[in-house]
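These notes open a run of structures that come right after.
Shared between the two complexes below is chain A, which pairs with chain B and chain C, respectively.
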Partner chain A sequence: MNARNRRSAAAIVLALLLLLIAPRFLERGTLNDLWSIAFAIVLASAWNILGGFAGQISIGYSAFLGIGAYTTALLSLKGVGPYWTLPLGALLGAAFSYVVGLPTFRLRGPYFTIATIGVSEAVRVYAAGVSYTGGSSGLRMPPGTFDFGRDYAAMMILAAAVVLLSLWIRSSPFGKALFAIRQDIDAAEALGIHSTRVKLVAHAVSAAIVALAGGLFAINFQYISPGSVFDFRLSLSIVLMPIVGGIGTVAGPILGAIIFSYLQIKLLSTPALRDSYLFLYGGLLMVVMLFEPRGLVGAWQRLQGLVRPPMRKAMPRA
Partner chain B sequence: MSKILGVLADSLLAGGLYATMAYGLAVIYGVMRIINLAHAGFLMLGAYATLFLFTRFHIDPFVSLAVVLPAFFLIGVALYLAVVRRLPRSGATPSMESLLLLFGLWLVLQNLAYAIWGGDTQSILTGYTMKSISFGGVRVGVPLVLVFAASAMSLLVLTLFLKRTYVGKAIRAVTANRDAALISGVNADRISATAFGLGTAFAAMAGTLMSTLYAFTPDFGRSFLLKAFCIIVLGGMESAAGVALGAFVLALLENVMGAYTPIPTTFQDAISFSLLVIVLVLLPQGLPRLFTRISRPAHTR
Partner chain C sequence: MSLLAAEGIHSFYGDVQALWDVSFEVDAGEIVTLIGANGAGKSTLLKTVAGLLAPRRGRVVLDGRDVAGEPAYRLVERGLVLIPEARQLWPTMTVRENLEMGAYSRAARPERAKSLERVLAMFPVLEKRARQNAGTLSGGEQQMCAIGRGLMARPRILLLDEPALGLAPKLVREVFAALKEIRAAGVTLLLVEQNVPHALALADRAYVLESGRVTRTGPCTELSRDPRVREEFLGIASI
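What follows is the complex of A and B.
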């Protein structure tokens, strides 16, 4: 870890401590909003490990969220303590990511992206059709499993852990392998990087984290259905947050997640805007792709470059 | 025996529609190396445009094609000039930027439909919606026959256009080898605009045809988009004949699965989506390449 990373890590730990004692001072409504923001940061940063660092854009992450949420709900209904189900959910999420990744990682770029849409749609159709997911009526968590304080603390710790993990990956040899794959997969292979294995590991790590978040989602909302956790729109917002913030950076997904959760909270409270979120998402995506594919972080760097000469050359894009 | 004939007839009829739906995607991919995710949006808007013309002016869905096709061609050309042209040029493989940009466009189109028509399920009921006719003991719905006739006609006209006209030849030239076409003096920008308009018009046409068969919502089109991908990957991405072949194969698989396996119909879409992944992974160059590989002796590969 270099000095810059150590400073960032210290800031994250400090923020975590502040957020953990926040329930003593803040209202429940604000804490709920903080929960949503932390949830979004977990999803965006986890997706960014594969989608950003390695440049493998997957639009199918709702499958992992759903697996985590359903593992927790189904086992809790069998009488297992909900927090004990989280590791199993993460394991199942990682296992499924392996099953999905093994064939699809043979595909490159947009073909991979389209295959992931196919996989997640197949999972969604399947989940809506079988009986143990509760079908369209969904599942309710057993009574007595709800404890906001606990879920809040767990979500904050998870969010901080994911960001710390991203920082560590960025400076580790594993992260360097991911960057190499994003820039030129053939060159990376020539350097001795086993690209499929590296991608599978990154996929598994990010899937496990998203599944964990899914479990916490089930505990916090006490009700899940295939329509809520396997939703295509969910996959969509998971992709949009890091892209708008700045793909492949550590700060980008956090920035994107904060903006999106703020928008979502605002949208939910204003009926006139509630029906235009797709317009907003789509419009944002188009604007980012047309004017600054590196997102807000890229725009910020460009702004800095105008003020003083760039310290080092920008990373060539894949 | 009549069951087999029925399955074959249904597959052929559905295949025609699928080919129309997939061709729009294939022509844009061929000319620009762009994967047009907004295809699903145009398909859906085509259905809604037909609904609008039907409810407001009582225009028959098949007659409305005369309005829908030129309108969406112009919309496609305008979108190309205003938005798509600004993207960095895709190389041999499509760029992520173009995929995500058009994805954003799809979302905007969906929201447009929600804003105008709301989220309720819509359908178009004409005098012949419920009618069916029989060919040698096989009963098929009248709308399906009409849809097939319209699809077949459009594909025929398209083939003639590609073979006989300058613009059609230029489209084929750019698809086959972009650089060589540019050297020969083809105006790539104009051809790209035409191809984008053509692709958009075909998407809308498929939407119009589907509106006579299925109920639809603003979310309509997503499952068909994935099927269209499946078809163009099966068909080898580039030729119109390949697209027709891929469309027939997918329709046949769906109908055979529905008729001969106990898999419930709710899972049918899951099958074609899984098929998409399987085809992408195992047959990245599609059926035509598979045939040439099989028909040629091993040492000449």
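What follows is the complex of A and C.
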């Protein structure tokens, strides 16, 4: 890790410590909002490992969220302590990522993206159709599994861990291989990068993280259904957050997640605007695509460039 | 036994056939060049040999073993490295990162620091540009970086696809001088080049590709006297 990474890592650990002692000072409503923001950061940053660093756009991450949530709910109903179910959920999420990745990562073009939509919809229909998942009416967690303090702390730690992992990946040979694949896959392969395997690993890592978040989601909301955890709109939000914030950067998904969850919190508390958040997301996406495809991070760098004309680098670092 | 040979290669892009029954061989220590017009199938042949395109029929023999259809990353481990056309650097990674990624293969990674030193000694300009993004380099520098990145993989045989494409004459000479130096270091070269006079002057032997078929072959000294080659590729009308 270089100096810049060490500074960022220190800032993240400090933020985590502050967030962990926050429950002593803040009221429950605010803590709930913080939980939502951290949840969004986890999803956006995990997606960004494959979608941003390696440029493989998936619009099906709700599948992993749902797999994690259902694993936790089903096992908790069997009497397993909910936090003990998390590793298994992560493992299942990672395993399931191969179902989509294995047949499509070898192909060039939009096949992977298309397959992610199809597979995640198939999973949703399946979960709504079979009986052991409770069908479309979903599952309620067993009583006594709710402990907000614990779930809050777990989500904060997970969010910090994902961001630290992103920092580490960015400067590791593995991360460089991901960038190489995004920027020129032919060159990457010609120089010995096994692109299919690298993509599969990135997909599995991010899927496992999203499944973990799904488990924590089930614990926090105590009730899950195909309509909540396998929602296609959720998959879309997971893509939009990093794009608006700055795809392929570490800070971008965090920024995007904060903006999106803030918007959603505000809109949900205004009954007249309840259903308009997708409309707003769409608008935001269009603005970003038109004016700054590199997202808010790109806009920030451009601004810095205006303030400090002699830029050392003509292009942003990935 | 030749280091690398193609035997009766037929390659397709989807349903479109690009190579018909192409054979060639390269001995260790040689420089062999493939010449031909645009669309003759030169790049396709390199891609096929490097494992980026599987041939429908035929064998690619490396060290006496058929490797046709083996993926590129495995061939890189075996010492066969392709420097693709138009450089194909990773534009928002620095020059140094581009070079370091060249030594990604398991075989090359332990030697990375040493390889980097050698490459920077061969192309001092890359040392100066090491912290710059590769996308900001000039065309000539990008070509040096691409060749350097290929060398980082510790190839025994290096496949080059049009390394002089779009370069000013002075830079073309520099690139060809570098290739000579690389051969002197013991690397075998298979070169695809549109700049036929330079290619024939550098290489030992040449194959002429026309519409996906090998139409003639021989030592470069002989081919550069061949009236048809002279007329078609050297722009010299035979009297």
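Assume the second predicted complex is superposed on the first by the 307 of 318 C-alpha atoms of A that agree within 3 Å, B and C clash if a C-alpha of one lies under 4 Å from a C-alpha of the other, contacts with A are read in each partner's own complex, and residues count from 1 in each chain.
The rule is simple: a residue touches a chain if its C-beta (ideal position, glycine included) is under 8 Å from a C-beta of that chain, and two chains touch if they have at least 3 such contacts.
Just so you know, these numbers come straight off a predicted model, no measurement behind them.
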Tell me which partner A:Ala180 touches in the superposition: chain B (first), chain C (second), both or neither.
second
A:Ile57 in the overlay: touching chain B, chain C, both, or neither? Say first, second, both or neither.
first
Looking only at chain A, is it chain B or chain C that touches more of its residues?
B
Taking the superposition as given, does A:Gly79 touch the first partner, chain B, the second, chain C, both, or neither?
neither
Report for A:Leu191: first if it touches chain B alone, second if chain C alone, otherwise both or neither.
second
With both complexes overlaid on chain A, does A:Gly29 touch chain B (first), chain C (second), both or neither?
neither
Kindly classify A:Ile243 by the partners it touches after superposition: chain B alone (first), chain C alone (second), both, or neither?
first
Going by the contact definition given at the top, which residues of chain A touch chain B in one complex and chain C in the other?
318
Write out the stretch or stretches of chain A touching chain C in their complex.
173, 176-177, 179-180, 183-184, 186-195, 312-318
Using the touch definition from the top, list the residues of chain B that touch chain A in their complex.
35, 83, 86-87, 93-101, 103-112, 114-115, 222-223, 226, 229, 264, 266-267, 269-270, 273-274, 276-278, 280-281, 284
Per the touch rule above, chain A residues touching chain B in the complex are 55, 57, 59, 103-104, 106-111, 113-115, 117-119, 121-122, 125-126, 128-129, 232, 236, 243, 275-279, 281-286, 289-290, 293, 318
For the complex, which residues does chain C have touching chain A?
50, 52, 71-73, 76-77, 81-84, 88-94, 97, 100-102, 104-105, 108, 131-133, 135-136, 149-150, 153
